[in-house]
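My structure is below; once you've seen it, I'll send some questions.
Chain lettering (A, B, C and D) follows the sequence in which the chains are written, and residue indices restart at 1 in each chain.
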């Protein structure tokens, strides 16, 4: 049972008072060893949300392979996680934009761990920019990572798994604006929408090979990578929190528990699904009359009287 | 070719300057007599958008039947339209919440005009209210009209048309928040979502009987019926216009042209479709970063510099 | 690591061979006592999926209240669950179509357990029928339970929780055809779509009161209630399994784990979300070219040659 | 008034009998000169749907510029249309995958006609193929045209129009599987989903510059370009027609009327909208129980009796 307390102790800084009614549960959720003998491959696993997912899956017994461009960052993360969980974490350099690099990375993984049971397409690039300032190269700098990179990783691993007659669970991290689009991040919106369509397509097509494909659409979760390029001045955060019904940002650990669930056998009947994970931000923005939350009880009384007195159309 | 002019002459009052680049074309769009020998049935056809649709369809040669609760209002509208277009308009009293009244109304129509070729479910009720203030009766006052009313009309006419082996085009007027939901209008959101599902269901099921089912989701269009109950103080209009990309409200005549198109043979391959008609309001609200339109060019320069200087994740 | 085995031992009867790559994990997923000191209210909790959810939540420490029309069925279920889990399960008679019955039921619950922390709107009615055979009463027999029933329960509990300044998690069980609609179950499609809009509306509106609202859209899960009315002859099951990418039906225990997750603090940042839970059936049906799974490798070779030899448009 | 006739004279070959209740109206719909003094730019305008749109817009008074790779095809089309309508049609070679070619093409157009008032992104590539057979190059061969090509054209024209303070209407031709995804055409599904997100993003962002962005999602319309690569053997057409509620394929002229409407001032309040144009195919595929259309009236009687006799859940 949970009520408003008179204190905001323990609130994330900047959070709304009612966020105390939505406290994050950040411990590992799944039963221990849920991923024992499982190999997990995570792109962009060295930082931010990728790192958080690798950590939880490693805690659950998985052997993780994390891959991105910066080998030093990956290695440091691998070491940190492994020293905490006792399970091996492998760091592989891989620029997902390059199909040959992807193929080479999978070769290396194959000798290290064998093919993966769980694949998480998490690597991405993004920055805010008015669309009229985007050069063709700026456009491609995002779509090449997010859409082509995801496709190259998915097709390469898919082919090899199919050849080996092995099943796997694929997860992609997209965003709440993949469906609605959003100004000022158009390349990211397009590329993430493309990823979602790819995943839904393969969920239908590759089920017969034992593959599942699911999607998480996160709302704002504070990571250096995302916030330094999406809220460089730090001024937009308050506005986000204001419109998020749960009154706070999400945490990497919460996302990681959801990702672990969707990648686990507990979710083996979930495929082609899209899970919004955003504290309610999307529905709050999209609903035409939600700004009426600013109306006070007294104003409501007055408006109700006016509405009642309306006659006819 | 259209450019910004230095004058706002001719703008709707309250519209943004750039709305001059989106001038409404309010003349009748379809070729004359497009609805000659066609019978059109419109619920709520005495006022607002229903009246506008009846007017345009009558101008295009249709014989219209308009039905709602207030017979005097309907009769006045019928007379007005008929005197303008020279085509017959029939007024029938009908409370769509009552299946027997609906059946009786269809009986009357059958003797007056025969069964309709075009059916427009436009009648509705709505008002803004915090959901915790809704009684069960308040809930039902909306859903009974919007969802049950639409269903009773649609099932009654559908059955008779099927029995007579006659095709028809059905159109429903819902709202942009039918999919997203919206606080403060929850009964309307639910009922309109129900209408959309009904229409999509029947588009699939009753095609074999010659029936098409389509949906228009309007954004804000100034009618007395809608605005007196959704913006009683007149204070919200500015906020809506601010976030509508085309910088103005829609007009009844624009909606009527779209409705005429979807109800005409030009659209005979359109079924199960949902057409948002809102000046872009929905995508503008829903996209997470659209508030950045408030950022000035100078601020963009500064932010771009900050983003570029970010290193790593 | 999971490969095709040469045996189909352990497959659900009727399942496709590749479903062995998607084995259900049916043990309880969340940590023990995740719902300790929590009160859970489930409509339709005496049978089928409702019973499965009550069982898992009770295993996790919750005190459950299950409510529907048949008190004897509820009492038997309550006893069964309690004897298995050792936690109290209360049975309350309640026809959700009747607002007074709902209010009375909540009164009773208040004295038994206090207001709930978790509410699951699971009660429903449904049957297959060509829409032209539906009477107004048949239409209302479904929408009154599903849409009005859900609204009455939600508004009644919401108001009281708000008054007590207490947060809660709401979950609704809808269906994969709520968004797409479906012929032959139009009343259910409409009512479930209405429930989804209600939940999204309240997710946005009532976050400030500490309430979350989420939705699960199940695909086919064999329960007596659903299958006796949706597949009375048992002939459609094979067709469903054929098009479900994971090659099998879902199980009540899998759904219950998902429901427990969404109702738990692990999901406290999830609100306004819709989770499809269907083995991939929806994307498989909806994608225009998915029937090409019937094409054999040899036929592909031939078609590829034909496509390659095409010149121009 | 339209009833089933006893003859199938005039039916498209292969169409279902009830398609006579959905006859295509193929004459030009908009008032003459609706596009007088307007410049229209259409990619892929030399063939198929692009050619049909150019024809109708030219008939309505527009000066058209059509652009794609094959200059000879474009020139022949330009001549054909111009000789029919009397309005100038310009043919420009342009591979949309190449940003420099796009920029050069726009330069040429600027001297020929000035910047366009209407832009239609219609160029595309597609072919059916199991995803496990796709090489990275095959993937890129589609996404480079469809997604990057659309982006390059849109950004280039957008920038110049913004600089000139001129409004324009943008239209993209996507597909019904952009949202749902589809196996066997995954690159096309992804790229088209990306186009939709781009358009919705810009609808929100560039409204202030006088730009509208809308989308048509066609179902199957017989063009050489599409059908030779999507149904090379001609065997799938029957299956499509079977599940299309209107019982026939769409025609290029019908699509062209819709495209003209959305590009005209009659639609100046439509932006960020997605119009499905598919004879109802999408809802028919997606709805879980739509296959019950195969059940005969006698079988329904039997099933209704079985359902009625069911007791309890």
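Definition applied: a residue touches a chain if its C-beta (ideal position, glycine included) is under 8 Å from a C-beta of that chain, and two chains touch if they have at least 3 such contacts.
Computed from a prediction, not measured in an experiment: that's the story for all the values here.
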Based on which chains touch which, give the shortest step count from subunit B to subunit C.
1
Quick one: point me to the chain whose Cα centre is farthest from that of subunit B.
A
Whole-Å distance, C-alpha centre of subunit C to that of subunit D, is 36
For subunit B and subunit D, let me know how many angstrom lie between their CA-based centres, rounded off.
24
Give, as an integer number of Å, the spacing between the C-alpha centres of subunit D and subunit A.
32
If you look at subunit A, which of its residues touch at least two other chains?
130, 177, 180-185, 189, 200-201, 203-206, 209, 272, 282-283, 287, 290, 293
Along subunit A, where are the residues that touch subunit B in the complex?
44, 46-48, 70, 73, 127-130, 133, 175-177, 180-185, 189, 219, 223-225, 228-230, 232-233, 236, 239, 281-283, 285-293, 300, 302-304, 306-307, 310, 312-313
Counting only contacts in the complex, subunit B reaches subunit C at residues 99, 130-132, 134, 136, 139-140, 143, 147-148, 151-152, 155, 158-159, 162, 177-187, 189-206, 209, 272
Footprint of subunit B on subunit D - complex, ascending:
1-4, 16, 18, 21-25, 27, 29-31, 37-39, 114, 117, 164-167, 200-201, 203-210, 212, 244-248, 250-251, 254, 257-258, 261, 264-280, 282-284, 287, 290, 293
